[in-house]
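Following this message is one structure expressed as structure tokens.
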Amino acid sequence: MVQQSSSHAKMLCVLKSRYTLLIGIIALEFLLFGFLAPYFLTLGNILNILRQISEIGMISIPLTFLLLSGHMDLSVGSIVGVCGITCGMLLRAGQPVVLAILAGIAAGAVVGFINGVIVGKLKIQAVVVTIGTQVMFRGLCYIMTSGRAVSGYPLSFYVLGGGDILGLPISVLVLGLCYVGAWFVLERTYFGRYILAIGNNQNTTRYSGIRVDRVKILLFTFCGIMTAVASIFLISRLSSAEATLGSGYELDIITAALIGGIDINGGSGKLQGTFLGILIIGILRNGLNLMGLSVIYQSIILGVLLLVAVAKRKG
Amino acid sequence: MGETILEMQHIAKAFSGVYALKDAQLTLQKGRVMALVGENGAGKSTLMRILTGIYDHDGGTILYKGQPVHFKNAMQARDAGIAIIHQEFNLFPNLTVAENIFLGDKSVQSHGLVDWQAMNRRAQELVDSIGGTFSVEEKVQELSVQNQQVVEIVKALAANAEVLIMDEPTSALPESEVQHLFRTIRGLKARGVAIVYVSHRLNEIFEICDDITVLRDGVTAFLSEVGATTQQEVVAQMIGKEVTVLYPKQDAEIGGVVFEARHLSDGDTVKDLSFCVHKGEILGLYGLVGSGATECPEALFGLVRGAHGTFLMDGREISLHSPAQAVANRIAYVPPDRHRQGIIRQLSIRFNLTLAVVRRLCTRSVIRRKDEQATVDDYIRKLRVKCAGDSQKVTFLSGGNQQKVVIAKWLATNPALLILNDPTRGVDVGAKAEIYSLISELACAGMAIVITSSEISEILGMSDRILVLNEGVVSREFLRGQADQKSLLSAALMRPDETQGGV
Amino acid sequence: MKKAIAIILAAGLMLAMAACTGTPAPSASTPASGSGSAEGQATRTYFVNPKMVGAAYWEAAKEGALQAGEDLGVEVIWNGTSEVDVAKQINMVTDMITRKVDGIAVAVNDATSMTNVFNQAKEAGIPVVTFDSDSENAERSYCILPDTDEAIGEAFLSALINQMPEPKGKVAVMIASPSAANIIAWRDAALAKIEADYPDIEIVGVYPSNDDQQKAYENAKSFIQANPDLAGILCLAGAETPAACKAVQEAVEAGQLEEGQVKIGGMGIPSLVREYIKDGTMTESVMWNPMSMGYLSVWALDQIAQGNEITDGMEVPGVGTIKVEDDRIYCGTFRFTAEDVDNYQF
Amino acid sequence: MKQHKSRLSRIFSAREMPIIVFTLLVYGAFSVMAPNFNTFNNVSVIAQQITINGIVALGMTIVIMIGGMDLSVGSLLSLCGVFAGMMDNAGLPVALTVLLTLVIGTALGALNGLLIVKLHIPDIIVTLATMNIFRGVAVMVTRSQWITDFSDAFLHIGSSKGGLFSIPILLYVAVAVVFAVCLRWLPFGRLLYAVGGNREAAVLMGLNVPSVKIRVYAVNGFLLGLAGLLFASMFGSIQAATAATSLQFQTMGSALIGGANIFGGAGSVLGTVFGTILLGMIKNGLVQIHASEYWLDFITGAVILLALLVNLIQLRKKGRC
């Protein structure tokens, strides 16, 4: 009797859970596009979707961490540009691929670190700081490229964005590994605890002997690094890097995270929610593209979807 | 005098089927102070929220000036003359004092615009009339806590309040300011205001209140004039049984010096403080506001930028520039503001309890979950934390149990020195006693403990040795049993140079 | 209440989707078998992808493409990103390769980024043409352009030089995005020409608007302030010309510039510069017909699909004679003045 | 005497002081570097350039003041401008066009507020959603076409002069003055500070916080309607997809530089106006000193950060000893 009622409660819980809603939306998308969009339900297209979301997915990981800790980084789009261009310029100059990749990642770490120091040490709100650095880093992109696209990479570099392992695109595999790793960090390590603690109550966290500013700097630096990794896959896929690379990514990712149930004020939400959010947006774009529907409708549908997903959660 | 202004009869209120109030009574008379006491969860705040229109009541009647009333919101109650001063002040820190007093008040508007001159003038008059010494053009965030309280009281006066509810008015005040507050309350009494004084502090109640109402489990359990009862009886009525020893301090074996601070200064209040704490000793720090008694622990824990001094732990010199350094040097700190500094209420007991120690429970950054579970189970059991399980959110615990979680968090780090800054603020009587006996046990087990408190009796009851601070330096030192309330208070009031010959 | 609103929103979402599917707005109405082209016998389907949707220039190209679809009896899907975004453009083209359309025409945002995608298309057996701006070393069959970059840059410049009493004085250059390859190429061509042939012209600066109408206008106002002796403005993108005209007009009204002191030349989308060319703020402008380019893209794809050769001097109905050099098809630029501006409906 | 001194010192310790000084310094620097910068003509050009951003930034200031944030400003401006243009094209009298545009702006602004309040969704999420929706609708109703060919009367709004300055500048000044007066002397203005300063206290006081919020977003929408009108009228054409796409960050930048607190409770008209002037001046000045086109964004971003730091220094001085 008792068992029954508890299993009942569990079922109710599952039904009420936002993840059920998110998976429901994805199922609905599959149903709708499966009927309406030609070639939607093919293995090739599914891989296609995954490949398309892989870069944004990679950036969504540190951004979710930041959102969970009550912060935000509006400069990730510009960081994609800076890192991609750094890496691309070295490749074009004939430097070894490994060196170029490392340099791109180092560039990401540096700009992320700058964000982190301003937020952590000078204690200015992250939103405000990253509005400023967003413009500044984008400016850096223009300075570095003088407006010309950076291209002409060695063939081996294109493997990253275009190659497969066991039928799966490399970028998708990396994305999967990153998500598993990030989930582990969040759930099983002390660092994950610190992120949640700061997101819920920064003061208490500091009073518990945790170096909050250091955690913040680490988070922003990590954000820079992951963004750099994503940018490298991106320029490999695009085979060029230009000054506008990655612009607008920040709002796309934040939208996905919010659809996935991350609390904008920090402290609550799950990584898997963000992933589902990214998936929902990716499938939507792909399906509507396949149907040949104008992107104008895409933005309206995305807006409505965001309201529905978040409103349902609260209601 | 003695005219009944408000009667609450047979008030009942349930939240999703659970009764918070079953049969509560409260009768207020003009110019009299009614103490409302009860353990946490007894229904005090629910009753006050009903009275001020924030909650609706399910049963019973409220008679105000002889008429049955039914306030739909706080605005209605306030317009009728019932005002409340919450424990957490409801002030707008970014506005001036005058605006806080008159916000939305049509009487200081002319032609639909705010008349700043008239508003400032009238506000200043009101502040002056109860002895406030600050300018009403200052922003509230620039005022001290006690002055903010004065603003709250003036707000009530400006609204012509005839019933004034004060929820734990002294919890944020140092002892000296309490007397100031009492003077203000007496002034209000003389004006014929009926006051409800909600507090845990029996000493204060017996000093300022005329009548006392004890709530227990949603029922009015006891009604009396203050003069006709005793503290023992009130405590007994609150918890439903007789409490004999409130401060269960056992004699612990006091060993060698564990921690020593030399020339501690925080660049502001604390001037030049030197003291040491021994193994197994409870050192009480006592002082009035601005004396450095509450600031000293913060400086020790690395919370104050610009604090300096020489610190020795077990004879080894250490530096304490951040909480992280303090924790690394085996210092633990239970802060006064539990909600903002002690717990993370949205998270589980397990999360809170291991927050400070979780890094040590890791192998290559990964938490050893078995060890974590063992730690959590251990402390929940040892500290007798009443909870539904370690995954329960801390917000659902009572104040006392929340405080136990905070203490457990620190005990888990195995500290050599435990600093308790006002550890029983907002904790009900039953839980207080448990926390006291816990502190005593810890001392017996050989921990060095520093305790500060805004309650003089707590310091007297718990300390092996008491340092009285005045103007940032030690003005006098007492051993256990040497001091009583009077001598402690007078030492705190005396200037340091007058007591140089002391001890 | 909350639930009700949530339900209404959800319903709205469904409606929006349904509405979109009900009227596949951007694709041309096609003869016979409806939208599905999956079955072998259906009409051919071509995907035409502009740099972005929403701009008047691309709307004109869209009209041409859809017209071609109607004339040739094929289905044309017209879709693009809402802002210039290389990654999204690539995603869109990749999606269409998945859909196995019969041909793809792309106005490439980034000259190099399409290499991989076009290779994919080739592997899938889908012919590709580019239009408006080309892709470097990529597997595309043809590229449809107004003219060579050099010729375009020099044509824009000549529109300015023709208006100036003599080729000397200060000239400001306005461009849209400083990272658009074709605009940069035009700029370089024009600047090279100035350096070679017009030594008395001094370039005071190159001002990018990043495709922001407001910023173009602000830039123009600012450099007019900085250079009261300005003689000309060379505009290398469609939205820059009206912004320059507006700024010059206002400066003349404010008495900062002599009337007729500053000449404006370059690219002019007739509908946007009509009023300025009529009131004499400028007298001539150069443009090509984006409709022709849209039309030619679909036409070229259809020729390839039918296995026809495209040769120089071919007559294309509705477009006219085309020039073909190697794998480039030029539709030609034209010059227009107050007299014939009303002939152009885009 | 004491009163006087404190008043003087209050002026110097005002929150707006650093940004004003900073703006003047930047002005001085540009005047030295560019000969035509410090002229009446150029100043009026800058004034003309900042009117739209300035008006929107004032709306953003009150939104931020109550602890909100509006990411949809650019989209809503575009939508209003497009509506205005289309109504003018349809031959409506200008007065009616203006009126209807303002009504539409106010209504859609209120819709933002309503969604926030009724669905209990944070401001940033709602406006992120409506940012997409408004822009999509604007592009949809125009079928991606430029809206142009306005009537002369409509064009006059943006270009004719009243006295020394053009109508947009005068409108901007009028809006700023009205805002300054309302925020200082209107009881509702003071409520905004109260709601932003301590929301819980405002609720306990019995203030109707949701209604305040809706009204603030409505006022913001009204200003966006006005700005949309000016946009279409000043430029003589408007394109739904690209009009004012980065407006939200620019105007938030102005407000924050001007001392607004992203968590609410602080902000002033004076500060925001100077924040707007600073950003507008930098744009103009960089063109005047012939800075490379590729350096514009970088320098702008750096100056935003610098201005924020200047504010911070002053706050620190106040906050700690």
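By written order: A, B, C and D. Residues from 1 in each chain.
The criterion applied here is as follows: contacts are C-beta pairs under 8 Å (C-beta built on N, C-alpha and C of every residue); 3 or more make two chains touch, one makes a residue touch a chain.
Just so you know, these numbers come straight off a predicted model, no measurement behind them.
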### Task
Please give the intersection of the contact partners of chain A with those of chain C.
D
### Message
I want to compare two interfaces, B-D and A-D. Which one has more contacting C-beta pairs?
### Response
A-D
### Query
Comparing centres built from CA atoms, which chain ends up most distant from chain C?
B
### Message
Taking the mean of the CA coordinates per chain, how far is chain B from chain D in Å?
### Response
44
### Message
Counting only Cα atoms for the centres, state how far chain C is from chain D in Å.
### Response
33
### Message
Nearest whole angstrom, what separates the Cα centre of chain B from the Cα centre of chain C?
### Response
70
### Task
Going through chain B residue by residue, note those that touch at least 2 other chains and give them in order.
none
## Note on the structure
Within chain C, the set of residues that touch 2 or more other chains is 2, 5-6, 53-54, 82-83, 178, 208
### Query
Residues of chain A touching 2+ other chains?
142, 145-147, 296-300, 304, 307, 311, 314-315
### Touch relationships between chains, expressed as pairs
A-B, A-C, A-D, B-D, C-D
### Query
Can you list the chain A residues touching chain D in their complex?
74, 118, 122, 124-125, 127-129, 131-140, 142-143, 145-147, 251, 254-255, 258, 264-265, 296-300, 302-304, 306-307, 310-311, 314-315
### Task
Could you please specify the touching residues of chain C with respect to chain A in the complex?
2-3, 5-6, 9-10, 12-13, 16-17, 20-21, 24-27, 36-38, 47, 53-54, 77-88, 90-92, 94-96, 98-100, 110-113, 115-116, 136, 177-179, 181, 184, 208
### Query
Touching chain B in the complex: which residues of chain D?
184-187, 190-191, 193-194, 196-198, 200-202, 204-207, 265-266, 320-321
### Message
If we count contacts the way the header does, which residues on chain A are in touch with chain B in the complex?
### Response
184, 188-191, 193, 196-197, 200-201, 203-211, 267-268
### Task
Using the touch definition up top, name the residues of chain D that touch chain A in the complex.
71, 115, 119-122, 124-126, 128-133, 135-137, 139-140, 144, 249, 252-253, 256, 262-263, 292-302, 304-305, 308-309, 312
